[in-house]
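Same chain, two partners: subunit A is paired with subunit B first, then with subunit C.
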Partner chain A sequence: MPYKKTELKFSGKTNVCEIGVGDAAISIGGEKTLLFLGDEGFKPAVGIAITDSTEDWSDCFTTIYGADLKNPAAFAKAAVAKSGADFLLLNLASADPNGADNSVANCVATAVAVEAAISIPLVIEGCKNAEKDAKLLEEVAKALEGKNVVLFSAVEDNYKTIGAAGGMAYGQKVCAESAVDINLAKQLNILLTQLGVKSKDILMDVGSAAAGYGFEYVASTMDRIRLAGLGQNDESLQIPIMTNVSNDSWGVKEAVAPVEDAPEWGDQEARGIGMEISTAAACVVGGSNAIIVRHPESAKTIKSLIAGLIG
Partner chain B sequence: MSKFMVIGERIHCISPAIRQAFADRNPAPILLRAKEQLDAGADYLDLNIGPAERGGEDLMQWGVKLLQENFDNVPLALDTANMKAIEAGIKVYNRSKGKPIVNSADAGDRIEYVDLAAANDAMVIALCSKEGVPADNDERITYCSELLERGMERGMDPLDLLFDPLFIVIKGMQDKIVDVLEAIQMITDMGLLTTGGLSNVSNGAPKHIRPLLDCATLAMAMQCGFSSAIVNPCDKRLRETIVACDIIKNNILYADSVLEF
Partner chain C sequence: MAVKGLDIFKLTPKTNCKECGFPTCMAFSMKAATGAVAIDKCPYISDEAKELLSEATAPPMKSIKVGSGDAEMTLGGETVLFRHEKTLVHKNLFAVELSDAMSDDEVAAACAKLEKVHYDRIGEMMFVEVVGVRYAADKDKFVGLVKKVFECGKIPMIITVDADLAKAAVAVAGAKAIIMGATKDNAAAMVEVAKAADAVLGVTAESIEALHDLVEVIEKLGYKNLVLKVSDTSIKEAYANAVDIRTATIKGSDRTFGYPSVVFTNLLAPGDINMQIALASAFVLRYGSIIVMEEVDFNAALPLFGLRQNIFTDPQKPMRVEPKVYEFNKPTGKEPVLVTVDFALSYFVVAGEIERSKVPTYLAIPDAGGYSVLTAWAAGKFGSSVIANFIKENNIADLTTSRKLVLPGKVAVLQGDLAELLPEWEIIVGPNEAMQIPKFLRDMQA
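Then we have the complex of A and B:
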C-alpha cells in the first residue's frame, strides 16, 4: 500500500489583534495551526516590561538601567533600546491601595509620558486590585485614546468597566485575565463579547507560573484552549494569548536568593534570566502569541529562539 | 472529537407554508425559517423541495442561491428525489463554509446518489437500507459496507458519507431501538460518521412525551458515537441536550454561558 501522509487539519483560526498605531503597529495572532507547527511563518511578539515601582526588582536592573529606573519615560526608552522588543509593558504597581496607593491621575500621567517616549505599541498593566484597576485602566484608556494600547487586564470583577471603557468607548484593546482556568477563560471572552466588545479587540491572559512551579497546568490550559479554537472551531477561544512571565519568573527563589545564600547556584542575575527564558520559551511553544519578559537578555534570547525556529 | 453537527430540517415542502413559498418563489417564509434555525445553532440547513419532478432544477437553484446569499454561504443539504435538481443545485452552490450534502442515497434504488456525490465532490447521507426498514444490524452493516465501497470506488473520502442507521418508531417497534444504538456504535467503531432523522422515534406519541423520547434517544445515541442529526434546532430541549452531551463528551469546552453563545 502506498504511504499516505496524514495531516491534522484544523478548521479554526486564531483572530488577528492589531496593537499600536501607524508604522509601529504590530499584529498578534492569526495562526491556523498550533504554533511552530505550520509553515505559515507566524511569529509570537516579544514585549519588555518596565514598572513605576522598582523596589522589588532585582539589583541587576539597577546596574542595567541606572538612574533611568526612577523615571518611567527614560526607563521605557532604555528598555526598548536594550531589548529590541516588539512592544513595551508598563506596570503601574504604585496604584495598589494596599501599597503606595498612588492616585489614578499620577498613574495616568506616567502612562502618557511613557507612551510619548517610545515608538512601539504599549501595554498598560494595572496593580491587580480589581476595583482600583477598573478606575485606573478606564482613565488610561481615555487619556490614550487613539493610541490603541492594551489594557492589561480585565478580570471577572471589573470586566464591565474595563471592557466598556477600553474596548468600546476609547477604542483600545482589552486583555481578559483568568488564572489557569480554561472554563473561566472561555467565560470571560463570552462575557466581553456579550457586552459589545468585538472579538478582534480582545486578547487573553490565561495565566502562567514560573517553570517548575506547576507549569504543567499552564501548558495543558494553553493546549486545550488552542485545540478548542483551532480543532473544534470554538470562536470564543480564537483569541490571541498574551502572557507576562516577568513577575512569576523573578519572584521565585531561584531568581531571588542572593549568591551569598546559595553560592552553589551561581550568579543571581544569570539564574533570573534562566528562569525567565525557560518560562517564556515554554509559554511561546505552548501557545502564547505575545510574551512579556523583564530582562533585556531574555527578550533577545526569546526573539532569537523564535527566529531560529521560524527563520 | 468534533462537535455534534446539527442539520436543520424545517425548510421542508411537507409544510404548507414552505410548499406555497416554493410555488410562488416567495423568499420571506423560507428566509424566516432559515434564520430561526441558524439563530438556534444549526450548522447545516436541509433544503427539501419534495419530489419536484417538474421544474425541480430551477427551484433548487433558486433555493440554494436564496439561502446562501442571505446567510453568508450557509452550507446546505440538498434534499429531493430528483437527481437532476440536486446536480443543478450543486452547480450554483458556494463551498466556502462546507461541502454540499446530497440527501440521500440508499443501498437500493437510490445508490446512484452516491455516484452523484462522488462526481460532484459532495457529502452524502447514506441510508443503511435497501427496501424499507432493515430487519436487523446484519442488514444495516451489509448496506453500510455496500454504500461505503460504492463511494470509495468512485474516489470519495469515507468521512464524506454520513451513514443513517434509520431510527425506528418506539410506538410499535420498541424492541428494535437498541439495535439502532448498536448500529451507530458499530459504524462509529469503523471510523465512520453517522446521521439520522431523529424525530421518527417519537412518531405517534403525545406532544408532551415526544421531546422526552427524542432527547433521551439523542443522548444515548451520542454516547454510541452519533455525530450529526437532521432535527428541528428550534426545539429548545433538544438543542440543550446536544450542548450538554457535547460538553460531557469533551467536544466543546465548558463555560457558564455555554447556552448563550
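Then we have the complex of A and C:
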C-alpha cells in the first residue's frame, strides 16, 4: 500500500497574544496543530534575558558585555544587538526583600530606562517574592502604560494585584506562573479571566527545569496542556506558553562548575550554552511559544532552529 | 489492531472449554485481538496460526536489536506518542560519524574523545553507543575503521551504498551492526548482505513516499531487521519525517513504518555543534532513535544524556531511594550529618558530590514522598517536624558524636524551627547547589 499520512485531528487553536507596540510588536501563539510541523501557525519567539543583579552570572557574560553589565539600559541595547532576539526580558532580582531589597521606585526607573533603550517588546520579571512582585509589577505596569509589556509573572498569591493592574488598568500582558502541573496552570488562567483579564492578554509560564534535572515533568506538562487545548479544545489552556530557561540552565553544575573543578569537562562557557540550547530546543518542540535564554549564542541557535523547522 | 476478533475465533476449536480462563472461545478471541491476552493462553491453536497472529497482534512498532555482546541495545517498540500516555520504552542512541577521508590524527582524536566522554550519571553509564563510518574513497581504510569501531566496543554503522563494500565491512563489524544503507537501486543486494551477516539494514529514499515503498519491497524480500533514515536535505523535512513516520505507526497502525529512525544532525547543520545540540534535543523528544552528531564532547554530552535520561524514565515508576541514613567515605562515629530527600535524582547528585569531597559524612534521608527538595518542602513532606522526627526515631545522636546537622540551602527557612525541635543539634544551612558541597565540607572540617 502506498504511504498515506496519518493526520491527527485538532479542533482547538492557541490564542494569539500581541506584545510590544507599533512596528516592534510581535505575535505569540496561534498554532493549530500539535507536534509543530512548521506550519499551522507555529512560530515561537526567542527572548534574550538581562538582569539588574549579575553577581551570579557566569564570567563569560563579563567578557561579552563588559561594563554594560552594570548599566541595564546599555546592557539591554547590547543584548539585543548581539543576540538578534525577538524580545527582551529584564529581570529585577535586586528587588528581593531577602536580598538587596532595592526599592520599587528604583526598579521602576530601571524598567523605564530599559524600555526606552530598545525597540523590541519587553518582558519584566520580578524577584519571585510574591508580595514584593505584586507592588513592583503594579508600578511597572503603570509607568510603562501604553508600551504593552509582559508582567512576568503572576502567581496564585499575587494574581489579583498583577492581573488588575497589568491586564486591566494599564493594558499590559500578564504571564500566569504555575509549577509544572496542568491543573494548576488551568486554575490560574481561569482565576485571571474571572478577575476580568481577557484571555488574549494572558500568557502562561508552566514551569521549567534544566535538561537532566526533572525536565521530564516539564515535557509531559507541556504535552498534556497542548493536547487539552488543541485536541480537546479546552479554552482555559489555549494560552501561549512563555518559558524562561535561562535561570535553570545557567544554575546547574554543568554550567556553573569552573574548569578547575571539572577539568575533563572542558570550556565552561560552551557547557552553559549547551545546557541552555538543549533545554530551550526541548521546550520549542514541547510547545512553548516564547523561549527566553541568556547567552546571545543560544538565542541565535534557537532562532535558526525555529527557522529551520518552519522551512 | 490489524487483526480482528473473528479472525482469531476462526483458529480456535470453538469448544468453549474455558482452559484459557474465558467463558467462550469468542470472548477469548475478542480480548486477544486487543492484545490484552496472549494468544498462547489457548492450548488448541496451532503453532503456525500463532505465528501468523503474533505478528499481527504485536505492537505496531518493532523492537530492533543493534550491536552484539555488551554493546547490544534495543531500539523502538514504542506504543505511545507521548510519555505521559504510558511510557517510552527504549531510549534513543547517540552516534558520531567518522570517515575514511579523515586523517589518522583526526580519527585518533575522535576516538580519544569517545573514550573520554564516558561517565556515570545517576547510576547509568553515559557514552556514545554508535559510531558511523562513512565511505568516501579508500575501501581498505574504510573497512579498517569499521573493524576498529567494533573492537572499541561501539556499534558500527556502515555508511555506504556499495553492497560489496558493505559485505566486506560487515564481516568485521560483529553481529547486528547497522548497514546504512539500502536504496531503491541496491535493495536486493543489500538485503542479501544484511541477511547473511545478521545485520540491521538502514533504508534510505529521497522522499517519505519512496521510503514507504522501499520498506515494502525489502519486507517482501524477507527482511524486517530495519531502521529508517529520515531526510537529511532540510531540518523541516527531517523533523516532519520523524514525526510523520512515528505518527503513522502509532496512530495509523502503519506497520510498514514501524521501525526505529536514524537522524543525521551532522548533515543538517554541518560544522555547527550548537545547532546539532539543538536538533539532537528536539529529536530526543520527537522520535529520533539513532541521533548522529559530528562529535560529542562534554558540552553536548552533559545536556543531551541528561535530557535523554529524563525523557525515557517511566512516569509510572517513581524514582526513589530508600529513606534511611547513608554513610559516605567511611565515617567513624564523629562526623556531621547532612540531610536531603528521597528523590533519586537529588540523592544521586548529592551522593556524587559527597563522594567527590572524600570527607567522611552521614546523609540522613527521611521519607519526603520521593520529591525534590523544594517540591517536597512545598508539598509539606520535608518540613522541620519530618526531619526532626527522622533524626530522633533513627537515634542518629547515637550514631555520631557530632551535633552538626546540615540542611540543603534551598530550605534555609527550616533552620529556626528545627533548632527548636532539636535543641542538642547545631542546625547549619548548607549551600544551595550540591556542587558546592565538597568545598563546604572541607571548610567545615578545617
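Assume the second predicted complex is superposed on the first by the 302 of 311 C-alpha atoms of A that agree within 3 Å, B and C clash if a C-alpha of one lies under 4 Å from a C-alpha of the other, contacts with A are read in each partner's own complex, and residues count from 1 in each chain.
The rule we apply is simple: a contact is a pair of C-beta atoms (placed from the backbone, for glycine too) under 8 Å apart; a residue touches a chain by one contact, two chains touch by 3 or more.
This one's a predicted model, so the numbers in the text were calculated from it and none came from an experiment.
Asks: Superposed on subunit A, are subunit B and subunit C clashing or fitting side by side?
Replies: Aligned through their shared chain, the two binders fit side by side on subunit A.
Asks: Identify the partner contact of A:D234: answer first if only subunit B is touched, second if only subunit C is, both if each is, neither if none is.
Replies: first
Asks: Now for A:R224: first (subunit B), second (subunit C), both, or neither, which partner does it touch?
Replies: Both partners.
Asks: What angle, rounded to a multiple of 10°, is defined by the Cα centres of subunit B, subunit A and subunit C, with the middle one as vertex?
Replies: Once the structures are overlaid on A, subunit A sees subunit B and subunit C at 80 degrees.
Asks: May I ask you to decide whether A:L309 touches subunit B, subunit C, both, or neither, giving the answer as first, second, both or neither?
Replies: In the superposition, A:L309 touches subunit C alone.
Asks: Quick check for you: in the superposed arrangement, does A:P258 touch first (subunit B), second (subunit C), both or neither?
Replies: Neither partner.
Asks: Let me test your reading of the model: by the given contact rule, A:L191 touches which partner, first (subunit B), second (subunit C), both or neither?
Replies: So A:L191 only meets subunit B here.
Asks: Which partner chains sit in contact with A:T279 here, subunit B, subunit C, both or neither? Use first/second/both/neither.
Replies: A:T279 sits against subunit C, while subunit B stays out of touch.
Asks: Between subunit B and subunit C, whom does A:G66 touch in the aligned arrangement: first, second, both, or neither?
Replies: Neither partner.
Asks: Is the number of subunit A residues in contact higher for subunit B or for subunit C?
Replies: Larger number of subunit A residues touched: C.
Asks: Have a look at where A:G99 lands relative to subunit B and subunit C in the superposition and call it first, second, both or neither.
Replies: neither
Asks: In the overlaid three-chain picture, which partner chain does A:N183 touch, first (subunit B) or second (subunit C), both, or neither?
Replies: first
Asks: Rounded to whole Å, what minimum CA distance do you find between subunit B and subunit C in the overlaid structures?
Replies: 10
Asks: Per the definitions at the top, what is the overlap between the subunit A residues touching subunit B and those touching subunit C?
Replies: 224
Asks: Which bits of subunit A are touching subunit C when the two form their complex?
Replies: 1-6, 8, 35, 37-38, 179, 210-216, 219-220, 223-224, 227, 251-254, 256-257, 261, 264-267, 270-271, 273-275, 277-282, 284-286, 297-298, 301-302, 304-305, 308-311
Asks: Per the contact definition, I'd like the list of subunit A residues that touch subunit B in the complex.
Replies: Residues 182-184, 186-187, 190-191, 193-194, 224-225, 228, 231-237.
Asks: Considering the complex alone, what residue numbers of subunit C touch subunit A?
Replies: Those residues of subunit C that touch subunit A are 82-84, 116, 121, 208-209, 211-213, 216, 234-237, 239-240, 243-244, 247-248, 251-252, 254, 256-257, 268, 272, 274-275, 277-282, 284-286, 297-300, 302-307, 309-311, 313, 315, 345, 349, 372, 375, 378, 433-435.
Asks: In the complex, go through subunit B and note every residue touching subunit A.
Replies: Listed in rising order, the residues of subunit B that touch subunit A are 2-3, 251-257, 260-261.
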